[in-house]
Structure formats: structure tokens, C-alpha cells
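Lettered A, B and C in written order, each chain numbered from 1.
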Amino acid sequence: MLRTFPKGGIHPPENKLTSGRPIRRLPLPKEVYVPVSQHIGIPAEIVVDRKDKVQRGQVIAKSGGFVSSNIHAPVSGTVTKLDKIIDTRGYKKQCIVIRTDPRDPSNLEEANYPLIDEITTEPSEILERISQSGIVGLGGATFPSHVKLHLREGQHLDCLIINGVECEPYLTADHRLMLEKGPEILVGIRILMHALGVPRAIIGIENNKRDAIAIFGELTRGNPDIRVAALQVKYPQGGEKQLVRALLNREVPKNGLPLDVGVVVHNVGTIFAIYQAVQHNRPLTERVVTVTGKRLANPSNFWVRIGTPVADLIAAAGGLPEGTRKIVSGGPMMGKALKSTDVPVTKGTSGILIIPEDEASRGEPAACIRCGECVSVCPMGLEPHLLMNLTEKSMFKRAAAEDILTCIECGSCSYVCPSHRPLLDYIRFGKSITKQLEPKNPAP
Amino acid sequence: MTDSILNSVLLLAGLGTLAALILYLVSKRFYVFDDPMIGRVEELLPAANCAGCGSPGCRAFAEKLVKSEDISDLFCPVGGNEVMKLVAEALGKEVVEKDPTVAVVRCQGSCEVRPKTTVYQGPRTCAISALIYSGETDCQYGCLGDGDCVAACKFDAMYMDEATGLPVVITDKCTSCGMCVEACPRDIIEMRPKKKRDLKIYVGCLNEEKGGIAKRACSVACIGCSKCLDVCPKEAIVIENNLAYIDPAYCTLCRKCVPVCPTHSIIETNFPPRKEKNPVADTLAGDQGVKSGSDA
Amino acid sequence: MSDAPIIVSASPHVHSDRTSRKLMYDVVIALVPAFLVSVYVFGIPALITTVTAVAACLIFEYLIQKYLMKVPVTIADGSALITGILLAFNLPAGIPLWMIAVGGLVAIGIAKLSFGGLGYNVFNPAMAGRVFLLVSFPVQMTLWPTALENNTSLVDAITGATPLGMIKEGVQYGQSMSEISASLPSALEMFLGVTGGSLGEMSALALLLGGAYLIIRRVISWHIPVTVLATIAVMTAIFWWLDPEHYANPLIHILSGGAILGAFYMATDLVTSPVTKKGMVVFAVGIGALTVVIRLFGAYPEGISFAILIMNAFVPLINTYFKPRRFGSRIKAKML
């Protein structure tokens, strides 16, 4: 019996169309649109001006506080504008537009950096480098990584968990990265263990990625402090709390963090970024993005510079197919439907999913028949049908008492509802109001 | 037979007495003094319980009126100056007279002038759709058209116009309680003074984009060209973030700004039709008469 | 793309292929074996009763929604169809047709639509219809045509008692259990379904078949039916053990009457049962216990329909007190 979290969860069709496709490098974009708010927390402050020449990796927007992150030039070129560009929700946000200089050698060099195995950097220096390199949680949450690594007085870590679960259907970015950059990721894990002084690490990978499990099994042989754990395929296992529960049988307390049970969780993409930052001193300027969809001519995994318009990615994957009705940034369970393909790739973009006509529309919602299916699939032990009703009737205090704020917005309830009720839509709204009702200090 | 009748009579009588005793003791023990004045003030209030005053209902507002020393900053928008005067008399306190206001919808982005570029699927309430994305059109400032304001109005003073997809205020019914202002996630609805004969001039747009972008999203968007600013004799117009705003405190309703607006984004209501000399403005004034429906 | 603009909606962007309608039609499929048995046992009258009940439910739902409530008509969602079939299953074959129509009106009009329609009803509509008929027309409702003897004509209906009715009557006349059981059908007969009783109560085998289908298709969970039957079995076993001459054995109680029909199809009605597994167990224990109490000590020989209706009223309370355990509420950080 494979490990998994015990309560709730679903198993939607996996549709991992691109798991066999090696990561290709996307052609250099002509122009990049780099939003200054690509992470959770305070937006970064712009430190360049129009007509400035920038080098790839140069800081163009400085971290605006502790829970914030630096932003680096993803390409070498000239800043043409400080403009606004729509974000994934369609609202215009501040961004820096850089025109790529195609002749600049730093744009062209995509040499294979040789693996540097030996860790020579001091722990404090490692943390500083992670903080400077603009690394955020690349699994999609985009929480600044250095904040997670900053231990407060009395906090104690005994296990580092590497999230290679990738439970979202369709997405294969982490899977491919694990296959292609295994040794680098392993060094990244050792860097973090060294920096945090953690004695052991576990790499959690779902069992639909047997090749990745095999690779890491091979790499960690004879290395008792780093272990690979195969997990049963179940969504939302990539959620931090679910993953910690599945791997260590520890339950993160309500409103708590994995740190409260002595664990810190990082995505494999983040680990690779940390490896590059520490061993090669290269800040985060690109990431792996899966561009996928059933009708897409050439679904692929790409190395993409931050700020590349989504339209470029779709073009490289064979262009927008006839009858496309929905374009999603991220996976089908938690991704955001885009209003236009002008949206740039940000640090949190894990995939672009093209949904054809016949699958794009939502079902017509009908009355709740109280089948309790949403209750049984909720991984957080909530009652989504009740929370939706309370929100609909503006009973936000009651909703708060029913723990609406612990919802992780995985969407399992909306996925299973036989009456097609927009459960998560209401719960998300209820959360936004409830948060305003009782302002709590967000634990860093 | 008689025994059982007697028994039941005695039992019931006993139970009744016991219950009466408990009720009596409880009412003594938990007696709350209630200022009779609160009741009297409450009777003066319109009993709309709309919460437009900021208190949760008329009773709570009456309590506030009775308990506060200075009631000059308290105002019942539904009852208006008349009711407040009566309340002041009853309480022997001072009130400040306020200009009556009315809600106006500052968006003219009907389906015709502001094309929809995407389709939204999900709960049709503005609060939720605003959370999910910037709306079906390319304007992220304009009306979402899901009618949260209409649902919030307790006086049936608003309705959704099927043709334009925009809410319309029925001026006569509007009590300016402000619930629609609160309900709108885009702050499109504004309370503006109901000057004489309900004459109003205001900018029907909130788009802060640069002119070209705003115009592409919506043909009646304010492009911040400042032509209105130039003709205004009273400096009642301010332009900030590519958007004009007419301050009702300074506006003298001279109507000079209306015809110069190249995108027809300035709205005038309840004015008599213009003289023939400016046909463009004339049709515009006519349009507005239709748009604000109730004003006729 | 220009002619059909892209759709924007909140996540998730995929949906499982389960729909309410599919769930409803799965229930209908599950009822087919029991229906076939009833037609085999009672003949044409069973067919007529079922068709009438279904027609009455559909017609009343249509008329009330269209002309009285003025809401979209939802007769296609399958719920009224199920109510009709279940109502028929709870009636004796050969009951006057107008009574069936009255039952349908009560089920759909009063128990379902007056509460707001599917999803809002507190009581199981079919049960409410049956109980209404039972208390209004006790004679006709307990006129059980004897199985297999008159399945050709309505006119010469020979009537007999149900096993539970025989026991109740026998006990009242002071007969001992061993005397009564001589006239009872055998357990095998009851299991296969050739005894007197309501249409759908006949064959435990057919009902279990359908029930298994529902559980395999995950329309219902096993919690309610298993717990109801277990409770009935345990309670009747205790009484039987205390005084076997006065109380029937648990096997008779499980196989006779509406125990299996009620446990698998009525108590599990999604709308009127609790949402959590814990709540379901509590709900089912209540049904089982009340059923036994009514059967052994009440005026009626059979009590599961009353038990279900009574427990239906407790569902909101059960839902309030038996909540799923919230993730992370177990312990304060288990530190090392």
C-alpha cells in the first residue's frame, strides 16, 4: 500500500500528455513584460528607468520588504517602458518592459553548466544568496523562499520535504525537471540541508512518475539521510499539509505551518533554482512551463524566460487550435482562466492549458441534493456545501466558525459536485470577506 | 372519574403557577431599563432599517441619537432634513442640515459601446466575478453588470436595463441610503447632491487608462483629454490618472463641459433640451433623458 | 476565436462526469430487479400500480411547478420518477388507483415541492406519501393480495396477511411464536420474495442486488443500509434471546416487511439523510431502533416508514453535531 493522506482527495483523469517530451528552450522573446509583483507579499520596487541597458540577471526591481522578492532582468536588452500589463486575473499591474538585444552574448549562452557537486558556501551565505536571487515557491504558490527558511527562536526542523508530487492533471514541468536535472536537484537538497542543519530529507513523488522515482532511487543509493517515497496518485497531494501528512504522518495544526511540526516543504523547481543560485550564482530568470491541451498540435515543456507573453508559448506549441474556448494558466484544478494571451509568464506559471470547446463550459448549477460528496472529498475536513450556503446568505461569522479560512482552494468539492454547484467560487469569496472580518497576523 | 379530573386540574394549576413564578422572577432578575425616549425617536424614524445611517437598523440609530451628546454628524439619509429636524426637536439637540443626495451610476459602458471580449461563467454576482477577474469587457473599472447594487437596494429604486446591461437609478425612489455604493465592488455609484430640480452633471466613467487604451475598451470612456477642464469657468473639474471628476460643490451646472467632451462621457440629467445651435449636444442630451429613465 | 469569445471562470476547470441526473437514473436501474419480481409475483396489478404512481408523481410535479410555483419544470431530473417508483413499492398491489394519485400528490406536492423542491425537502417524499395513505386508508393499505395466486385478475383478489402482520396478530391473540411460525413462510421464501406485502418488499434478493449496484456505483455508501439492518438484527436478537416464544427471530425481522427496501432505498435518500459518515451511522441506528420498537410494541406491524420519517426530522440536528474532523484540529504541534 502506497502512502497518501487519509481524508478526502480525488483522482481526476491525469492527462499527462507531455511527460515524455524533453524540455525545449523557447526561442528568445522579442520583448519581455516583467511584472513587479510575481510573489505573495509586497511588490518589488523598480530600480531601473526607461532606456536603461540591463544585463540578464541584473536586479531590476528590489525586494520591498521581508515578505517580498527581488526581480531580475530575464534577458539582456533595453528597458523600453515602465508600463502596465494584465495579470492572470485581467487586472493591470505595474511591469517593466525590456526589449531583448539578440546580439548580446549573455542572451545566447545557454551552455550546460557543469554540475558542481561540492558545497563550499557557508549556511548564512546560502540563505542570503537564496534571498538575493529572487527565489519563490515555484510550485505555484510563489511564496518567497527565504521567508520559509528563516527560522525563528525556538523553532526546530528535523525533516526537509521535497515536493515532486505534481498532482495537478496535465502538468509535467516538475516531472521533466526531475528526469533531466536529477543530480542538480540532489545537490540542491544537500545545500538546503546544509544551510538549515536538517538531518534528513524525503523526496515525495507520486507513483505515476515511476521513472523519476527510479532516477532518484538510484541517485540516493547509499545515502541514508535522503530518501525517495512513492505516493499513491491522489489530488491534492501536492498541498503542503497533505504531503506532510502523507509522508510523515504528522498533521500541521489548523492555521499553522509545516514548520510547526518540524518540517519545511520545497518544490523540486525551487530546489533547482536554489542549486543554480548557490552553485552558479545565477538568479531566477527562467522556469519550466508545460504548454498542453488535447487539441494542441505540439504540447511541450519549455524553458521560458520570465516575462515572455503566453502567446509566444502557444505559438511554439503549434498555435492556438481551432475551437479553443479557454486558456488556463496553471493546472486544470487550481489554475486561472486567462482573459487574453498577452499575459506574461511569471515565476508562478507552471503551465498553460488550452481547453477546447466541448470541455470549456461549466455545467448548469442545480439545487444541492446533499449527497455529501463534497464533504467526503474535502482534504481539510470541511463542509463545502454548508460554507457555500453561509456565504450566499452573508453569514460570514458562522462561516469563520466553520473554519472557512482553512480551505486550501483545491477545488475537489466543485470537481465532484453532481449538481455542478460553484462551491469553491463562493467559498473563495467567503474567505476574502472573512479575512477582512478578523485581521490576523500572517505568520511568516 | 372525579379523581382523575381533580388530579389533572390540580396538576395543571400547579404547573401554571410554577411557570408564572419562574417568569416573574426571571423578568425581575433580568430587567433592562429602556429609555422611553429611544422608542419615541424610533417612531419618528422612517423604519426602513436600511442601515444607510451606519447603524444596523432604525432602533439602533435611535439609541445612538438618544445617547450621543452631539448628533450633528448623525444623519438619516432616508428621512432627510425633515425627520432630523423632528428628532432634534424631540431631543432638544442641534442638527446640521444636509443637501439631499441621490445615487448616480458612473458608467455608460453598454454592450454596444463596450464590447465583451470574454464570457464569464460562474455565480452572477459582482462581488464574486470581481474577485475572479476584471470582467467580460476590456475595461477593468466599469460596471460588471451583475446587479449587486440592484439586489442591495431595499427601496426598489434601481433596476437593470436589459438593453444596456447597466443599472438605472429611479431618482424619485432613491433615498440615498448608500447601500448600492457599498455593494458595488468597483465604486461606480456615487451619491451626488440633488440640486434644484435634480439637475446633475457628472462624468460617467471611471477608467483610469490612458486615452487610447480606454477608448479601445469603451467608446464613451473618459480619455482625460482635459477639454472639459479648459471650458469650466469654476474650476470644478479635476483630472487625475487620465480621468476627469466634476466636484459637485463647485459645479454651477453651466453645462459648458458637456458638448466639448469628445467621447460623450459627461452626463447631464433633467436639463431642458438645448437650442438648435449645437446638434451634437442636443442628441446627447436626448440620449441622457432616455438613459436615466425615471428623470422624465 | 473571434466569433466565440473565450470563457473565463474560476478554478477548477474540469469536472467529474457524475451528475445528479446520472445518480438518479442509477437508482432507477437499481430498482429494476425488485420491480420485475413484483410483476412476477403480483402480475399486471403491480405494473398498473407502479405506472400510476410514477405518472401521478410526474404529472403533479409538472403541474405544480408550472402553474402554482411558476418555476422551471424539473421532471426530467429523475427524482420524481424515483419517488413514483418507491411510492408504488410501498403500496399493496391492487389498491384503488385514485388512492395512488392521492399518495403521489402528498409525496410531490406536500413533502417535496412545498419545501422548495429537490434538495430542500426534509422528509422522504415517497415515505410521506405512503404514511399519509396508511393512516388515511388503513383498510385498503393493508389488503395484501396473496402472492402468485391472483396475478392474472384484479377482481378475484384473495388477500392474506404479511409475515409481520401474522406475528403481530398472533401475539395479540396470545399465540406463542412456535405456533405462529408454523403459518409463516420459510426464510427462503421470504428471501426470494413469494410472500404477501407491498410491491417492492417482496424479494430480499432482488433488493440486495440493486443495493449492491448502488454501493458499487458509489451512489450510496454502505453506512446507512448496513447499520439499519445491523441495528434491527441486534435489537430483535436481544428480545428473541430473552423470550423466543414471544418475539420473532432476527432473520424474520430482516427478511420480512420493508426492512431491506427501507434500508437501501428510503433511508439512503441523499437529500433526507446526513452528509457525514458519522452522522449516517447515528441516523441509521435511530431508524433501526425505532423500527424495532414500533414492530414489537407499536400498533402497526411494520414501522420502518415511520422510523425513517422521524429520523428525517433529526437530520439537520445530526448534521450540526456530527461534523467531519477538521484537518489539523487533532493535536497541538507534535514536537520532538
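Brief remarks on what is shown
Convention: contacts are C-beta pairs under 8 Å (C-beta built on N, C-alpha and C of every residue); 3 or more make two chains touch, one makes a residue touch a chain.
Bear in mind that the values here come from a model prediction, so they are computed numbers and not experimental data.
The interface with the largest number of contacting C-beta pairs joins chains A-C.
Taking the CA centroid of subunit C as reference, the farthest chain centroid is that of B. Here the spacing of subunit A and subunit C, counted between their Cα centres, is 49 Å. For this pair, subunit B with subunit C, the centres built from the Cα atoms lie 52 Å apart.
Mean C-alpha positions place subunit A and subunit B at a centre distance of 42 Å. With touch defined as above, residues shared between interfaces to two or more other chains in subunit C number as follows: 6-10.
Within subunit A, residues 90, 336-337, 339, 361-362, 422, 425, 428 each touch two or more of the remaining chains. Multi-chain contact residues of subunit B (touching two or more other chains) are listed as 117-118, 121-122, 128, 132-133.
Every residue of subunit B that touches subunit C in the complex is listed here, in rising order: 116-122, 128, 132-133, 136. Those residues of subunit C lying in contact with subunit A across their complex are 1, 4, 6-16, 18-20, 22-23, 74, 77, 117-120, 270-271, 273-277, 319, 323-336.
Residues 86, 89-92, 336-337, 339-340, 361-362, 422, 425-426, 428-429, 432 of subunit A are the ones touching subunit B in the complex. Here subunit A touches subunit C in the complex through residues 7, 10, 12-13, 90, 156, 158, 169, 241, 245, 250-256, 260-262, 320, 324-328, 330, 332-339, 353, 355, 357, 359-363, 366-373, 375-376, 378-383, 385-386, 403, 406, 409, 411, 414-420, 422, 424-425, 428, going by the rule given at the top. Taken in their complex, subunit C has these residues touching subunit B: 5-10.
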